[in-house]
Amino acid sequence: MIEKILQQVQDGTLTAAEAKEKLATYENLGFVKIDHHRKKRVGFAEIVFGEGKTSAQILAIVQSLRQRNESVLVTRISQEKAQFIREQYPEMQYHEAARILAWKNEETSVADNKGYIAVVCAGTSDLPVAEEAAVTAETLGCNVKRVYDVGVAGLHRLLDNIETIQGATATVVVAGMEGALPSVVGGLIGNPIFAVPTSVGYGANFNGLSALLTMLNSCASGISVVNIDNGFGAAYNAVLINQLAYKGAESN
Amino acid sequence: MIEKILQQVQDGTLTAAEAKEKLATYENLGFVKIDHHRKKRVGFAEIVFGEGKTSAQILAIVQSLRQRNESVLVTRISQEKAQFIREQYPEMQYHEAARILAWKNEETSVADNKGYIAVVCAGTSDLPVAEEAAVTAETLGCNVKRVYDVGVAGLHRLLDNIETIQGATATVVVAGMEGALPSVVGGLIGNPIFAVPTSVGYGANFNGLSALLTMLNSCASGISVVNIDNGFGAAYNAVLINQLAYKGAESN
Amino acid sequence: MIEKILQQVQDGTLTAAEAKEKLATYENLGFVKIDHHRKKRVGFAEIVFGEGKTSAQILAIVQSLRQRNESVLVTRISQEKAQFIREQYPEMQYHEAARILAWKNEETSVADNKGYIAVVCAGTSDLPVAEEAAVTAETLGCNVKRVYDVGVAGLHRLLDNIETIQGATATVVVAGMEGALPSVVGGLIGNPIFAVPTSVGYGANFNGLSALLTMLNSCASGISVVNIDNGFGAAYNAVLINQLAYKGAESN
Amino acid sequence: MIEKILQQVQDGTLTAAEAKEKLATYENLGFVKIDHHRKKRVGFAEIVFGEGKTSAQILAIVQSLRQRNESVLVTRISQEKAQFIREQYPEMQYHEAARILAWKNEETSVADNKGYIAVVCAGTSDLPVAEEAAVTAETLGCNVKRVYDVGVAGLHRLLDNIETIQGATATVVVAGMEGALPSVVGGLIGNPIFAVPTSVGYGANFNGLSALLTMLNSCASGISVVNIDNGFGAAYNAVLINQLAYKGAESN
Amino acid sequence: MIEKILQQVQDGTLTAAEAKEKLATYENLGFVKIDHHRKKRVGFAEIVFGEGKTSAQILAIVQSLRQRNESVLVTRISQEKAQFIREQYPEMQYHEAARILAWKNEETSVADNKGYIAVVCAGTSDLPVAEEAAVTAETLGCNVKRVYDVGVAGLHRLLDNIETIQGATATVVVAGMEGALPSVVGGLIGNPIFAVPTSVGYGANFNGLSALLTMLNSCASGISVVNIDNGFGAAYNAVLINQLAYKGAESN
Amino acid sequence: MIEKILQQVQDGTLTAAEAKEKLATYENLGFVKIDHHRKKRVGFAEIVFGEGKTSAQILAIVQSLRQRNESVLVTRISQEKAQFIREQYPEMQYHEAARILAWKNEETSVADNKGYIAVVCAGTSDLPVAEEAAVTAETLGCNVKRVYDVGVAGLHRLLDNIETIQGATATVVVAGMEGALPSVVGGLIGNPIFAVPTSVGYGANFNGLSALLTMLNSCASGISVVNIDNGFGAAYNAVLINQLAYKGAESN
Amino acid sequence: MIEKILQQVQDGTLTAAEAKEKLATYENLGFVKIDHHRKKRVGFAEIVFGEGKTSAQILAIVQSLRQRNESVLVTRISQEKAQFIREQYPEMQYHEAARILAWKNEETSVADNKGYIAVVCAGTSDLPVAEEAAVTAETLGCNVKRVYDVGVAGLHRLLDNIETIQGATATVVVAGMEGALPSVVGGLIGNPIFAVPTSVGYGANFNGLSALLTMLNSCASGISVVNIDNGFGAAYNAVLINQLAYKGAESN
Amino acid sequence: MIEKILQQVQDGTLTAAEAKEKLATYENLGFVKIDHHRKKRVGFAEIVFGEGKTSAQILAIVQSLRQRNESVLVTRISQEKAQFIREQYPEMQYHEAARILAWKNEETSVADNKGYIAVVCAGTSDLPVAEEAAVTAETLGCNVKRVYDVGVAGLHRLLDNIETIQGATATVVVAGMEGALPSVVGGLIGNPIFAVPTSVGYGANFNGLSALLTMLNSCASGISVVNIDNGFGAAYNAVLINQLAYKGAESN
C-alpha cells in the first residue's frame, strides 16, 4: 500500500501533503481505528475509572469530554466527588448504588432498543456490583433486565426468573460468598455469561478469592470471568455482544 | 468418687485390687470410654489409614485386629497392598473404586438397617472419593443410597433424584472443579450435609483448593466441610448421625 | 405421578383446579418442602445475616417476619443497628457478646428441652464466636452447655469438663490461634463435632487460615468444619442433629 | 399454562398422555431447552472432557452419541486413548497438537461459513492450548484464523497481523509466562476477547497463576478470562458470539 | 503406684483421706507439675497476652494474681489500658516501647544474675518487638544485652558487636524486611538462636511472611523460629535455656 | 599484604601507628570502602527510609547529616513530618507527589549532566511511585526524562514516546494493575530496565502481587524487578548505571 | 589490640611472622571461633546435607573429613548413594529410616552420657523425620529417648509417656497432618520444645504448610519451630541445649 | 520527517522505491532498531529458550541462524537434545552444568575483554543456575569471574573473595534456601547486583518463593531481582551494563 501511495506522488496524482495524511492514517491505523470503532458502537470515546483519582483530576477529564460534546461515564466515584463535579455539570446524573456518574449525549447515542442483557445477582450485598454493571450497560445504550437476589441456596427464586435470563442476548452474573451462581445459570441458559465475583463474604472467602476460583473452575460451558467486583467490565463485554447480535459483525 | 472407693477399702468392703481397677477406670475414663463407645456404635475399634504405610505395617495391624476377632477397615490402600493382605486373609474384600479393604465381623456388627445416608457426587471423576464414603458407611453398617453424576451444570439430573436425598438421615456431597454442588443441594434438603471437596480439576483449581473454599463459603445452612478427598471422614460423620437418629442420643 | 393425576382429571375424579395445585406442589416440591421442613423443625422460616445490610434493610425483613408472627433471628448485627430495630420492636432481645438480635414466638417454638449441645471454646478472645453459636442454638430452641476457656495449652481444664462434653448430642468447638482444640476433643468424645476456626491470632495466623487448616487436617474422626468465625453455621448443624436424635429421622 | 392444559384434559380436547408430555416439557423446560438450543446452534449435544476418563469410559460415551448419529467432540484425550477409539471409529479424526478427537455429522452441522474468530497466541509453547481453541471452534462449525507466536516482547509481529484480528467477530488470546498479550491486543481491537492463561513458564509463574492474574487485572476493556489452559472454554464462548453476530439473537 | 497406695489403705497405714490426696496428685501430675515447675523456674504462674482483652478483663486477672502476691507480666497492652490498670496498681511499670506492663515480686524472684541472653535486631523499626523480648527476659529475671540496629546491609556494625553475642547463653534475633539477620548471626556464633520475624516492611513482604520464610529456610544450624512479631515467645525460650545452663537440668 | 606491612614495621620503614591504620583499613576494607565509594558516586553517605520513623527520629538523623554538611534524602515521608523537619531546615525541599524530603550540597554533588534515565509509568495512579523514582534520581544528581501515562491499553501513546526511552542510559518502568508495561517496553528498547510493580489495582490484583508476578515472568530480556512500590530502589539502580556509562567502571 | 601487637613488632619483641598469625586470628576471630566451638562441643566440624549432591560430591567431602580423621554426618542420603560411599568406607553406618550415613570418631567424641533429649512423634508416617532427629542427636553424642505414635487423637498414649518427656533436657516434637502435638506437649512439660512440622498429610495439608502454621501459632510457651521435615535442625538445637545444661554456658 | 521524504519524492529527488524503504524503516524503527542494537552489542540476534521445545523445533531455529552465519545461544537444553543438534553442528559446544548449547561467530563477536562481571553463588546446589549465568555472559562476549559456594552461613568465605566482587562492573548473585546472600553482598559492594533466587530447598522454601521474597525485600540498595532460576536473565542484564561501562551509552 505504501508503494501505491508513493507511486501516486511520483506520478503527480497525489500531493506530498495528501500522501502524508494517508500514510499517517495507515501507520497509526491499529490504534486510531479502534477508538473510532468503539465510539461509533458504544457512543463513548473514553470511560473514566474514578477510584484513586482526585475530584480535580476527574473534573479535568469531564471538562475535556464535555467540550467535545461527548458522552461521559465515570465509574467508582464517591458521592462527594460526584457532587463536586455536578456543581459544574448539574445535568450529569449520579447513580448512588452503582457509584456511577454519567451523562449521555442523546444525539450521538447509538442505542436502538433492540435486545437486552440480563444482570443477575445472588444476594443483596452484591447489589453495588450488579448496579455498576446495569447502569454501565444502560449508559452505553443497551436495555437491561435485572434479576436480583436469586442465590443458589434458594433455587426456586432463580427458576422463577429463568425465562427472563434465557431471553437475553448475554448475561452478567454477579455473586460473592461461594460464587456458585454462574455455574447453575450456565447449566440453564444458552447465551454467553460474564461472571463477576464480588468481595462479599468473610473468613475463607479471602476478599473474593473464593468466588473468583469457583467461577474460573465452572463445569458449565459459556462462562468467562472478570476481576473481582468488576461490574463495569462484564457489562462492557455484554453490550459488545448485544450490538454484534443486533447490528451484525459488519458494524465491527 | 475417689473418696467413696477409698472409704470402702478402709472399711474392708473392697479389696485393694478391686479398688485399683475401679480407680484405673475412673482415671482413664475419658480416653477409654470413647473407644468402647465408638466400637459399640460402629463396630470398629480402630480404622486404618493405609496411605504411607507399607504392606508389612498394614498386615501387622490387621493381624492384631483379627486375633481379637474384630472388624477391619483399611482406607487408601492400593490394589497391590490389598492383594498382599488378602493372601493371608482371603475373606477380606477389596473395593477397588473406593480403595478400601474391609472385613466385617457380622456377629459384633451393629447394623440394623434403619435409615440410610445419601452419597451424592458431581462428576464421574469424583467417583473414587464418593465410593470411599459409600463403602466406609456400608462397612460401618449403615445403608447407603448413591446419587452420582448430578453436577450443577445439568441441574435436572439432580432434581430428578432430590427425593432420594431428602429422605436420607444425613447426606455426603462430593464435588471437585468449582465445588458448587453442596450449596445447591443445601438449598433443597433439610438433613445435615457433609461436603467433600475433591482434587479433581486443573489450572485455577489448585488441587481442590477452589472446591474447598466454595464449600466453606456456602450460603446454604446445614453444611459442614471435611478435608479435600476425605470421603471417609464425611461418611463417618454421617453414620454417627444416622445412629443418633435411630438409636437416640442415649446410645451415645 | 403426573400420569395418575392426569388420569384422574380425564376420569373426572379431579377438577383441573385441583390437579393444577397438586402439580404445582409436585413441581416445586423440592424447594417448598425444605422451607416447611426447616420451619417445622427449627421454628424459623428465615435467618437474617446482618453484616453488610443497612438498618433499613434489616428492619424491612424483620417487619415482614413479624407481620406473619414468625420468630426472628438476626446474626452479625451491631449494637447500633440492633437499637434501631428495637425502637420499633422492643420485645426483641439483643445478645451483645453474640451480636445477635432475636425474638422467639413461644407458641410456634419447637423446643422440648430434650438433650443439649456443648459449645466449647479455647480462649476468651474466641468468646464472641462461641456466643454466636450458643445463642443461635438457644434461639432455635436447643439446650446449650457452655465450656469456655479450655485451650490445649492447659489440658487439665479441658479434662475437668470432658464429661459435660461427652454427654452432649453434638459439640461445637471454637478455637483461634493454632486451632488444635477440636483434634484433642475429637480424641476424647464420641458425638459429632462441628469445628469453628476463629480469626483470633496474629502473624502467621493469617486471619484464621492457620486454625482453619488445622481443623481440616485433623487426625481425629467425627470432625467437620465450617467457615472462619461462623459460629452460627456450626450451631445450626448441631441443632439439626439434636433434633434428629430426640425426634428421630421421621421428623425429617 | 398448566391451567390451560388441564382445562383441555377436562374438556376432553387433550388426552392424559398428551397432557403429560406437554407438562413434562414445561416442567423441564429450562433444562431441556438449553440442550436443544445448544445442539441447534453448535451441532453438538454433548462435549466430552477426556482427562481423567478411561478409554473404556470415553468409548461408551462415543458409542452412545454415534448411535444417535450425533457429532462427537472429545477434548484432552491422549494419542493412546484416541487410537483406541479410532480402532472402532476410524472416521474420527485425532488432532494431535490440540489433543482433540472429533467427528462431525456434516448433515446436521450448522456451519455456514460466515465470519470467523481469531485465535492468537504468544509463544510456540502455548500452541497446544491455542490449537485446542482453534480445533474446537472449527469442529463446532466456525471459521478460524490463527495468529501465532506474536508475544509482546516482539511487538512488530503482532502489529503486522493486527488487521486479521480486528476483522474477527471475537478473539481468543492465549498466553503463558507474564500473560500480557490480551492487554495489548485489547488496546488495539474492538471485538470481544476471551483470554486464556497457560501454565507455560517456570519459577514465579506458579503454573499459570501469574498469567491468570495479569489477565484478570487487565486495564483494557472488552476482556474476560477462562481457566488456565482452557482453550476449549474460550473457543466455545467465541463461537457463541459469532453465531449471535451472523444469525442474530433470535436464534438464541 | 496405685496398687501400693491402696495396699497401704487396706493395711491401715494410710487413711482414705491421705490416699485420696496422693492419688489426686498422681492423677493430675502431668498438668499440675508443669505449673509448679514453671513458676519455680521463671517466678511467674501465668503470663497475660493483653491483645484482644478489655481493660476490665486484664484488671480482673491482675487482681487475682496480686491477691496471691504473684509477679505479673502483661504483654501487648496499650498505654491506655496500662494506665487504667496502673490507677489501681501504681507500683506496676509500663514499658512503652515493649508494650509490656509488669510487676515483679522480688522475694519470689528467681533471678541470680548469672549469664545473659543477647537480643539482636536489624533496624529501628524492629525495636518494639526487640523490646518485647528484652523486657520479657528481664522481667523473668534474666540479664539481657541489647545489640540493636545491626542489619546485614551494614555488616560491620554486626561484626563490631559479635563478641557480645558470642558470649550469650542464648540469642534472640529480631528482623523484618528480608529477615536475613539470623542466618548471618547463625554463621558467626555457637549458642542457640531464636529468630523472630517482624511484620516490618511493605509490598512483597506480605506482613512478615517474607522474613518468616527466610528464617525457616536458613542454611545455618542452631536456629529455630517463632511467630511473626512474637518477641515474648523467643525471650521465654532463651530464658529457659539460660536457666538450664546455670542451674542445670536437675532444676527442670 | 599483612606480611608486607609487618615486614615494614620490623624493618622500621613503617611505624606501629602507620601500620595500624593500614591494617584497620585492610580489615574493614569491604565495609568502609563501599561507603566511600557510594558517597563519591552518588554524593550521599546515607539515605533515610522515612516510613515507620517518628518525626523526632528523622530529625535526629537529618541533624547528624547536616552537621557533617552532607546531602540528605528522606523517602516515604508524610507532609506533616516533612513540615516538622523544615521548620528547622527550611532550605530542605519537600516533593509532595514523591513524598521525598531532600537537600543537596551542590559543592559535593557529583552530577555532571551527562546522559539521562527515563522514568516511564502506566497510569496516573502510579504517579507517586514514578515520582519517587524521578525525584530520587534527580536528587542523586542524574538527569531524568518522564514519560507518564503510557499504559499498554493505549499503545500509541507509548510508541509516540519510544525514542525518548530508547535514548536513555537506563529505564525505570512503573506499572500497577496487570503490570504489562515493562514487557512491552522491553521489546522496544535496548537499555537495562528496572521494573517497579505498584500496589495500584483492586480485586485479584492482591495489592501489587499481580503486577509483581507479571514483571518477574516477562519474556523480554533486559528486565529486572524491585519490590512493590519501590520507586527509590529502581532509581538507585538506574543512577548507578548512568554513572558507569558516563564515568566508566574505573569510577567504581 | 592491633596497636599492642604492632608496638611489640616495633619493639622487636614479636617477629613479623608471629604478629601476622596473631592478627590473622584476630581478624577472622568471629568466623573461625565458631567452627572450633562447634567442633569442640558436638565433635563435628561440618555436617553434610546430602540432598541434591551427587555420590561423587558426597564422597569427596567424606574423604576430606576422614583424612583429617574427623567424624562424619551425612543427612538426607539415599540408600544407593550411601552404599556407594560405604564401598570405600565400610565402617560408616547407614540408618535407613533416618536416611543418615554417619561415622563417629570415638576418641574425639564429646558424649558423656549426661541427660537426654526426647524425640516425640505423632504418627508412624512421621517416623523418617523423627528418626532423622534421633539419629542426628545420637551421632552428635547425646542420649535420646524415643516416644513415638502419640498423636493427639489418642491422648492417653501421650499421657502414659509424659514423664519420660518431662525428664528430658529438651524435646523434639515431630508431627504432620494438623500438627497439634507440640501445643499439647507444651502444656504438659517445662523444657524447651523444638517443633518439626512434617509434609505428611493430603489435601488442605499443602505439603506441611498446615502443620507449620499450627506450630507457629501455638498458644503454649516454650515452643519454637524449624522448617518442614527438618528433623536434623531440631535435634541440633536440642543437643546444644543438653550440652549447655550439663557442661554449663562456660563451655560455649 | 514523513513530510520531508514525500517532498523529495514530489521533487523527484527520491524515487518511490527509495522513499518506501525509508518510510518502512521509520515506521518500524522502534521494533527493528532494537534488534540491530542488540545484535551490535551482544553479537546475537536471537536467543533460544530450549525448555518446552522439541529437538526438531530447536534444530530448525539453529539452522536458520547458522545459514545467516549468526552466533547461537540455546538455554535450558538437555544433553539429549543438545546431542541431537550437535550431530549436525559438531562445532557447537554443550555446557553441561549450565545446560547451554552455544556457538559464537568470532568474527562478529563484540567482546573486547574489558571489564568483567562477577557470578556469585551460595551453595553447590545453586551451581546449575550460576553456570547458566556465567556461560551466558561468556557466550555474549563478557569476561566472568566465578565466586562459588560463599553462602552467608560461612561469612568468611565470602569476605575472602569480596575484592573480586568489588572489582566487577556488575554482579550476579545466585542463592536458594533463604536467599540472604544478595543482601549481604549488597552491603559490601558498590556495583549493581542482579539477584537470582533458585528453587533449591525444601519445605517452607516453596520452590524458590522464600528466596524470591527475601531478595525483593532486601534492605540493601543496588539490588534488583529476576525470576526464580533465571540465570540467563541476570547475566544478560549484567552484560548490558558492562558494555555501557566500557563502550559508553553512545553505543546504545
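Each chain carries a letter (A, B, C, D, E, F, G and H) given by its place in the written order, and its residues are counted from 1.
We adopt the following convention: a residue touches a chain if its C-beta (ideal position, glycine included) is under 8 Å from a C-beta of that chain, and two chains touch if they have at least 3 such contacts.
If you're wondering where the values come from, they're calculated on a predicted model, not measured in any experiment.
Peer 1: Can you check whether subunit C and subunit E touch via the same residue numbers (shared by over half) or via different ones?
Peer 2: Answer different: the two copies use largely distinct residue numbers here.
Peer 1: Going by residue numbers, if over half of the contact pairs line up, that's a repeat, so tell me which of C-E, B-E or A-B repeats A-F.
Peer 2: Duplicate interface of A-F: C-E.
Peer 1: So the centre of each chain is just the mean of its C-alpha atoms; given that, what is the distance between subunit A and subunit H in Å?
Peer 2: Subunit A and subunit H have C-alpha centres separated by 42 Å.
Peer 1: For subunit E versus subunit F, what separation do you get between their C-alpha means, in angstrom?
Peer 2: 40
Peer 1: Taking the mean of the C-alpha atoms as each chain's centre, how many Å separate subunit D from subunit F?
Peer 2: Here the centre of subunit F sits 49 Å away from the centre of subunit D.
Peer 1: Between subunit D and subunit G, tell me the centre distance in angstrom, where each centre is the average of that chain's C-alpha atoms.
Peer 2: Computed from C-alpha means, the inter-chain centre distance equals 57 Å.
Peer 1: Send over the residues of subunit H in touch with two or more other chains.
Peer 2: 30-31, 154-155, 159, 187-188, 203-205, 209, 212, 216-217, 221, 227-228
Peer 1: Going by the touch definition at the top, which pairs of chains touch each other?
Peer 2: The set of touching chain pairs is A-B, A-C, A-D, A-F, A-H, B-C, B-D, B-E, B-G, C-D, C-E, C-G, D-F, D-H, E-F, E-G, E-H, F-G, F-H, G-H.
Peer 1: Considering the complex alone, what residue numbers of subunit A touch subunit B?
Peer 2: 122-123, 151-155, 177-180, 183-184, 186-188, 201, 203-206, 209-211, 213-221
Peer 1: Report the residues of subunit F in contact with subunit H in the complex, numbered from low to high.
Peer 2: Per the touch definition, subunit F meets subunit H at residues 29-31, 33-34, 37-38, 41, 47, 115, 159, 162-163, 166-167, 169, 187-192, 194, 212, 216-217, 221-228, 233-234, 236-237, 240-242, 244-246, 248-249, 252.
Peer 1: Which of the residues in subunit A come into contact with subunit H in the complex?
Peer 2: Checking each residue of subunit A against subunit H gives 2-3, 6-7, 9-10, 12, 15-17, 19-20, 23-24, 27.
Peer 1: Given the complex with subunit A, which residues does subunit F contribute to the contact?
Peer 2: Residues 124-125, 154-156, 159, 200, 202-205.
Peer 1: Tell me, which parts of subunit C touch subunit A in their complex?
Peer 2: By the definition above, subunit C touches subunit A via 28, 30-32, 51-53, 57, 197, 199, 207-209, 212, 227-230.
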